[in-house]
Each structure stands twice: as C-alpha cells, then as structure tokens.
C-alpha cells in the first residue's frame, strides 16, 4: 500500500452501471517522509475519508476486496484512514495533531 | 484509476476472437493539473467516450469487470466519462465548460 | 494495452511443462508517435505476428485470457496485429502502407 | 519479490472491517547491493518481522495468498524474514552478523 | 516476461508456511541488448536455473501458474531457461556459446 493525502473528487454521470454510488477521490501519493510525490491516484472510497486526511491506498485486484466492490472495475481503493505513521522510532504523522 | 484524454483509435482485423466488436481508444494520461503526461494507454471502451473527452481509465484485472469483457484479454478499460475534477477546493475541469 | 513492434524471438528447451508449443516474441514498445521506447517485453503469441509488424500487447492476468493459455505462467501476450493507429485525426500508422 | 528493510509502522482505527488485527509495516526497498532505494511500501505482516530486519515483500494479488488474508484488500505483504542474500558468490547480507 | 540473469540466492527460515522448499533466486534484469539493468527481482525457481544462466521471469499472478505454487504468496517466478534470443535477425544470445 502507499500513503496518500486526499485532495479532491471526480464526478461522472456516464459510466459503467456497477459504479453507481461509488465516490471517487483524487489522492496525492506521499513519500515516507510525508512529502508530496508527483504521482496521483483516483480511488474508490468506502471508508469516508475527507479532504487533507492521510489514507492507505491499495491498488490492483486488492481494490475489489471491499464489500460491494467485488465486481466493480476499480483498480484503486482507500482502505484505511491513517492515525499514525512511525518511521525509525519517530512519530512522522499523527492525525490527532492535525486536527 | 488515472485521468486520461481520448486522442484516437486503434483498429485490427487479425486478433483474438474474443475481441470482435471491441472498440480500442488511444488515451493520453493526464497529471492532476490536467497536463498531458508522456504515458499513453490503449483501452477498451464500453461507455461511448469521444475524442477530447476526459475519462477514467482502469488497468489490470479491473478492466475485465465490465459486462461482456470478463474473458477478454484486455488490461485497460475506459470506465467513466468525467464530468468534473475538483482539487484543493478548485474546479479543475468541467465537461460542460468544454462543450 | 501498449503498442509494440515485433523484433525477434526467444527459444527455450528447459521450461515449465505448460509452455510447450508457446511462441515467445521479443516486442519493443512504441510511444504514441510510433517511436521506439527503451522498454521491451517478451510475450506469448497466439495470433501469428511477424517481424516488424505492429501489435497490441496485453500484460498481467489478461495474458491468460487466451484460449489454451488459461493456466500458463505468462504475464504478456500479443492480442492483436494492428491495422491502423489514428491520433488527433491523423493516420499515424497503416499496416497496408508498410507492405 | 523485492528485498526491503523494516523501518516503522502505520496505525489506523477507521478502516475496512476485514483489516482488524492486521499489522502494517513501513518497508524501505533495497537494491541488490543492499542500498536504500527511494521507494517504500506499506505491507501487511504475518511473519513477525521487527525493525531493521531484512524481509521479502510480495506485491499484487500474491499478498492475499496468506492464511487469513484471502479476502483482505491488501496489495503488499511481508512473506519472509531473510537469513542470507548471496550475489555473485559473495555473502551480501547475513542476519546472524547483524545481531 | 523479462529477460534476466541469475546472480544469487536468498535464504529464509522464518517465512510463510507455504514457502517451505521454495528456492529463491536473485535475478538481474537485462535489456534487449543483453546489458544489465539496475532492476532486480527475487523469484521462485522451479526449473532448476543456475548462476549466470539467462532466464525468462514472469511476474504478478502468472508466478502462481506453476505446479505446486498455486497458493503461494509469490509475485515472480523463473519459467524458462533461455536457449537463444534473436533480435532484428541477429543471434543476440546463445546458451550453447556461453558454456
């Protein structure tokens, strides 16, 4: 999984039927020091992530191991809202401190 | 998923039988500021996307989670025509304004 | 899928049993202007592509959605010989003109 | 698989239900000379890897071929703690010597 | 598939149970002119490849389409020992000449 920050949304009317009701978030990937990478991902969100939150994004067939998404043509999903990231014994990110 | 713009088509007569009737679009990938990336993808289209439209492209096994494509050897598919992309509270793209 | 040009072959005697009779082609990937990219792929060929032809290559689990290859350990396959590629309203490649 | 070093952990309260009890490790990928690469991966751990240990990380659908993870939306997993890495006849890494 | 050269081995005692008896090789990827690329892969080997041999490596779910590996958490496997590679009508590699 990669660490990413929620930056926005994508909306669509004309799409695969199975995608009705799916919320698409624009995620910016972060490196392991919390800096923005140039890479982004549009991911289905089922956990209720909000703008600026840090999340774990899972890609590939893993994105369909989510209840209700088993047969949706999605290749990326938000699977968790991150509370803390610790690297080399240092607390690199804490959701509590952000809010 | 990635955001992409429809740029053209690929045609083929000699191909896997299961690909009869499949429309192949040439998509140029965009970054999250709407700029063209060097990367492209040839994707199966089932939603009726037209030239210059912005679409969501799904890659890998997700491309076969589309009715009729379950057993086709495709690794990329257009899954939605994009209406709007909003990033950092700003409307970055709106289909309505393009047309 | 990516656009690629057939450049050669790979042969092997000592291999997984399920690969008996599979033809392996060396493909050079092309960008969407028809220029050679540094990336190559060795792909199983079931459509009878010949040297210098332009083909569509499908990667990942899609490569096993080909009759007879369902249980072969291949991660890339030629799925179509390209007739034409049109980009931005311009005919970028036509097989007829090459021969 | 890639060789990686365990550098930290990610915690989350609000997540997919199937992820309850899963331990997420922050892994830094290494090249085949043991140098840190810029790439990292957050991976599910089921083998009990500790900080600074070298591990094998498996990505994609392979990450779900672990008992109990078959239906979890994870795309990376620690599958082994490395004892030794030998390259070109030279012992490049030995866990014993590190401890 | 990619062309790679066998450079070494990885050993592990503490690992997923399903990996007992699996041999892990360190492979260095080659470009299509036979030059070493910076990219490596640790792959399961079932065909008996030896050091310095050129092999085909298959990645992703394909690595589990090998007898006995169907449920192993591996994302790369050696599927063939290469006899010859021919590119642009030239014999670029021949195993016979190497030995």
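Letters A, B, C, D and E mark the chains in the order given here, with residues in each chain numbered from 1 onward.
We take it that contacts are C-beta pairs under 8 Å (C-beta built on N, C-alpha and C of every residue); 3 or more make two chains touch, one makes a residue touch a chain.
On a predicted model such as this, the values are computed, not experimentally measured, just so you know.
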| item | value |
| --- | --- |
| Starting at subunit A, fewest touch steps before arriving at subunit E | 2 |
| Copies subunit B and subunit D - rotation angle from C-alpha fit, nearest 5 degrees | 145 |
| CA centroid of subunit D to CA centroid of subunit E, Å | 21 |
| Separation of mean Cα positions, subunit D and subunit C [Å, integer] | 33 |
| Residues of subunit B touching at least two other chains | 60-61, 63-64 |
| Complete ring sequence of chains beginning with subunit D, oriented so that subunit E follows | D, E, C, B, A |
| For the subunit A and subunit B complex, residues of the former touching the latter | 7-19, 24, 26, 28, 38, 40-43, 51, 60-61, 63-64, 71-76 |
| Touching residues (chain side subunit B, partner subunit A) in the complex | 1-3, 31-32, 46-48, 56, 58-67, 77, 79-89, 92 |
